[in-house]
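Look at the two complexes coming up: chain A is in both, with chain B in one and chain C in the other.
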Partner chain A sequence: MFRNYLLTAWKVFMRRKLFTAINLLCIVLTLVVLMVIASLLETAFHPSGVEGRSDRFLQVFTIRMDGHEDGHRSTSPLGYKLIEKYLKPMPGVERVAAVTLPASVSVYQGPNVSELQMRHADADYWKVLDFRLLAGRLPTAADDAAGRMIAVLNASSARRLFPGAPKAAIGQRIDVGGQMFEVVGVVEDAMHLNAYADIWAPISTFTSSDYRNELTGMFVALVMAERSADIARIRDQVAQIARGVVADDPKEWKRIYFWADGKLDLFARILTNSDDVPDSGAGKLLAGITVAMIVFMLLPALNLVNLNTGRIMERRSEIGVRKAFGATSSQLAVQLVIENVLLCLAGGLIALLATAGVLAWLESADLIPYLKVELNLAVFGWGMLIATVFGLLSGVLPAWKMSRLDPVHALKGAI
Partner chain B sequence: MFRHLLKLTWKRKSRNLMLSLEILLAFAIVFAVTAFGLRYAQLYRMPLGFDGTDVWSVAVQAGDNGNRRFDDAVYDSLRRGVGELPEVSSVGFAAFEPYAMSTSSSDLRRDGESGKQVRTELLDADDGLARVLGLELVEGRWFSALDNGSAQRPVVINRRMAQAMFPGERALGQQFVDGKGTHVSSTYRVVGVVDAFRAKGELAAPVNFVFTRFEPGKNDRDARTMLLKVKPGTARDFERRLNARLKLIRNDWSYQIEPLSSTRASMMKSRIIPLIVVGIIAAFMLLMVAFGLFGALWQNTTQRIPEIGLRRALGASAGQIYRQIVAEQFMLSSIAIALALLLLVQLPLTGALGDNLNWQVFTGAAMLSMAVIYLLSLLCAVYPGWRASRLSPTEALHYE
Partner chain C sequence: MIRLSKVSKTYRTDKVETLALKDVDLHVKKGEFVAMMGPSGCGKSTLLNLIGLLDRPGQGSIEVEGIPITRYRDKQVAKLRNSTFGFIFQSFHLIPDLRVIDNVELPLLYRKMAAGERRRVAREALEKVGLGARMDHYPNQLSGGQQQRVAIARAIVGQPQVLLADEPTGNLDSKMGEEVMDILLKLNEEGTTVVMVTHDEREARRTSRIVRVFDGQLVA
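Here is the complex of A and B:
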């Protein structure tokens, strides 16, 4: 039976090649847009490569302090004191890393000025994230302790500052905003939340050590669990710690909040501004994304409905015969929906190829620096899911219409 | 003829409903993109209020998270030390530079009156800023030593603010206050009015703006961004000499130096990129709608060949058939567009999007998108219509 459906579908598609092509093109255009979005989201929330261990670490991004007065509040990245005094001693975790948010700095080389994004990171940072080292070495705890003026560059910046192989940069000295650093390592470019930067230096190279005494500042903490199963426990642990933190000025600040979040939770928390409740709003965010995708599919689906309705009218004699021989309306409707879903899945496969092309173009066009999107099995699965939803969305209405055709009229060819 | 068309369209209402729904959605999408673009074009032509060419910003990072206050001597040494460089023609201080992402805003009101709060953006600025940014005052004067020891904090406001706070009155010399309810946290006195000031750049909507006078040590926050007007033609390598000079003044601080032109470029980019993304997606959608309409009309005319044959047999010319197909499509599009406009006109009527969708933008966007949709749907009707009109009556009547 199913084979018959397939054969009929194939015959119908081949009979009107122009319309099949138009149908396919519409499907492919829609799915490419959705799949590009899906793969960007997949890369952001389930990265591979440098942040590939994201199922094992949590991020603490912001600290919110509420004052005694109503509406008096401050939200900012963490200070180093908070990480060193409260988070680093946490039991039952593999390690806790501190790193600053990227800040733009100028590198002076003779008459040339290059603007780079710089992070200050401790030795643990390099162990939490999985950077691919191209030349030299990564900073160690000994470098932190000695306050050595060393820096790590990413491949693009190394090439820009010191043309040639990544090795050429090792041992060179650079002037970053008036401070001299020695380049000790070159790592691969990375565009990820915690990994993105052009140049890294140990935290102890800051010009003044005031950062050690601050609860708020410009740091982010990465908490690495031993096993991914520990994540939920660590989340509770951090929430517990946050309740015990005493503000520098308890007279001004009454309550302090910070949360350890996975990637999706972090994004949802920032977007929904829910920095005073344990729930990050990730469920709401996912629902929002799904609704937005379905709304986006509305116009293309309507388009496909119009095309499909036209096609049914051409097949009314076939439908009449099948009805006269006892096919029920629901059987016919299911058949048409299956046909439509098949066409959408075929379109999905083509769209997947086109998506690979679009992503390759996005990577080379440099709109987002160091972007690297992988088309993995998960993206393939998402793509097929989107294609199926789209097929259902656009197939149900014409199918219902078709199943309602009166066999007598259909056989006679009247509408 | 028209009634006949209406009747034909009505006979196939469910099919036509889907088609016009599709046109309606397409119209809404084109409208959104053109309104977005037109608003930017409109904003770009509005006066900016300052001149950012050859201006550099230096953010002083003292590593204390802004908790301490710089005193007069610190500002003086910075001002003097940098001013000595031959490239620098004037120096000013502000809380942050124009085109920066930072905003500081507050609800201000007139003293004594409980009631109307005016949402305003504020910027702390010192006496030198007007020269650096080339601010031109239409009334009054910029801050100067005359304001030292003034009981109220002197402010310069933009004309939009003057109209919002003191409608129909002269703003100069008037006062307003900050604070909730009866509580007054600070009182301001207007010493000057500038024509316009849009700190976020050419593509930002005009806002009420207040410059508050910055005096070292007297305010609750420092103005730690130094703005320099440099001689025209100063190259980027000046940054190194500037940085070296700043390091001579305070070695343990760091300085983030940037020409305003590059801050402007990144601000523009952050506003233009969404438009480009939306535009590309909309273009794809339109392409799809074009294919879809073309296909649907083609199938429509194929189905109606017997009807067309009958009309031809009764003496209708090829041109008349052609005109009928095109006119039907035109009518369908008109109905869809009228419906879409009826829905969209609610936006400026209710003011849901505020000034971002004012009547000028609305009319412009409506006109443009009408042109696009009519063109699209007529283009899609031309070929199927031509194909239908070409059929000879005998062929058409025998068509199966």
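Here is the complex of A and C:
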């Protein structure tokens, strides 16, 4: 029976080539958009590439301080003092890394000036993230302690500043905003949340040591667990620590909040402005995204319902004949739905190829710097699942309606 | 074989109510060849559809081999249609996307039968109507007479007890109509009960009984 369903579906698709093409186009466009978004979200939120261990670390991005007066509030990145005094001594964690947010710097090479994004990071940073070293070495705790003026470049910046192989940059000196650094390492480009930068230097290379005395500043802390199972405990631990932090000026600030978040929680907290409650709002965000995706799928699905109804109406005589010769309404409905699901799965396969093309274009077009996104098996699986749901959504209603046709009217070509 | 008792059928649209059949009593015996005649719109096709369980009566009852089917559900009726009846339509109603052999196999799809067996039985049915060489053709590659013979092969492939033919020669020239009629008579001789709607008096005279319908009622 199933073979016959397939055969009939193939014949129907081939007989109405224009209809099939329009249907496929509709499915492919929808799925490509969904799958490109899914791939980007997957790259952003799932452990991958340089942040392949992100299931084992949390990031503390901002500190919020509420003043005694209503509405008096300050939200900013962390100061190094907060990380050093409160987070680094945390028990039961593998390590806590401190890194600044990327800041724009000017790199001088004779008459040439390059604008690069720079981070200052401690030695733990290089152990939390999984950078691929292309040449030289990564900074160590000893470099940090000694305040060595060294820097690591990413591959693109190394190529731009010192054309040739990555190792051509090693040992070269660069002028960054008036400070001279020796390039000791070149790493692969990365666009991930905590990794994105062109150049890195040890924290101790700041021109002033004032940063050590500040609760707020330009730092982010990465808290790495020994096992991913410890993440929930560490989150609670950080929340506990936050309650005990005293502001430098307690007369001005009465309450301090900061949270250790996974990447999705962090993103949700920023979007939903939930920086004073433990719940990041990720659940609501996911629900919103799910509803948006369903609505996004529903519109073309409704269009397909319309197209399918028209297509099936053309076949009412066939439906009448099949009923006359013993087909039940449910058998006919299954046949019509299978045809639709097959069409959607074919659309899904085409959409996968098209998505791979779009992602390759996105990578090469440099719209998102250093983007590296892969169409992996999970996205493939989701794509096919979405295609199947799409097929069911757009096929069930017309199939059910048409399968209920009474055979006499169907044979006469009426509804 | 089939008994209709006090069967009435009314078609309703938004504004119009049409009485298609009124208090019809009809008994089709096993092995009979019944011709139904009457003017256009008199209710012949409605009667044929009721006999073949393609439609349900508004009032009255239908029995197939002594079993009343009025309360049968869709699935039960479908099964009974598949096992008991074969249909031949004036406009053939072959599925244009399917090859001749696939069209003939259609009734067997709704039975538990292996694909190889289906193919063998369908081939035999086509050979019976003289179209064994046309199995891989599509309906639009055949003449009207050949298409109707494919439709007959499809109707008999499941070895139904009753063949229901609604003006089977209506779209054919006299020679092809004659050929189709010969096949129906031969099938009847082999034991198949046939009920045929026709306008052709000559064809009707070749059957074992003529039933005349006028204004939704049997008149002879």
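Criterion: the second predicted complex is superposed on the first by the 396 of 415 C-alpha atoms of A that agree within 3 Å, B and C clash if a C-alpha of one lies under 4 Å from a C-alpha of the other, contacts with A are read in each partner's own complex, and residues count from 1 in each chain.
Keep in mind that, in the parts below, a residue touches a chain if its C-beta (ideal position, glycine included) is under 8 Å from a C-beta of that chain, and two chains touch if they have at least 3 such contacts.
Since the structure is predicted, the reported quantities are computational estimates derived from the model, not experimental observations.
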Contacts of A:Asn303 with chain B and chain C, given as first, second, both or neither: first
First (chain B), second (chain C), both or neither touched by A:Gly281: neither
Partner chain(s) touched by A:Gly348 [first = chain B, second = chain C, both, neither]: neither
Partner chain(s) touched by A:Lys11 [first = chain B, second = chain C, both, neither]: second
Which of chain B and chain C A:Gly326 touches, first, second, both or neither: second
Partner with the higher number of touched chain A residues, chain C or chain B: B
Touching partner for A:Ser317 - first (chain B), second (chain C), both, neither: second
Residue ranges of chain A in contact with chain B within the complex: 18-19, 22-23, 25-26, 29-30, 33, 79, 103-106, 108, 111-113, 115, 175, 177-179, 206-208, 210-211, 214, 216-217, 298-300, 302-307, 309-311, 313-314, 367, 401, 413, 415
Residues of chain B defined as touching chain A within the complex: 14-15, 18-19, 21-22, 25-26, 29, 63-65, 235-237, 239-240, 243-244, 246-247, 251-258, 262, 273, 281, 284-285, 287-289, 291-296, 298-300, 302-303, 400
Complex contacts: residues of chain A adjacent to chain C: 1, 3-4, 7-8, 11-12, 14-15, 317-318, 320-331, 406-408, 411
Contacting residues of chain C [partner chain A, same complex]: 49, 52, 54-55, 74-75, 78-79, 81-83, 87, 89, 93, 95-98, 102, 106-107, 109-111, 115, 154, 158
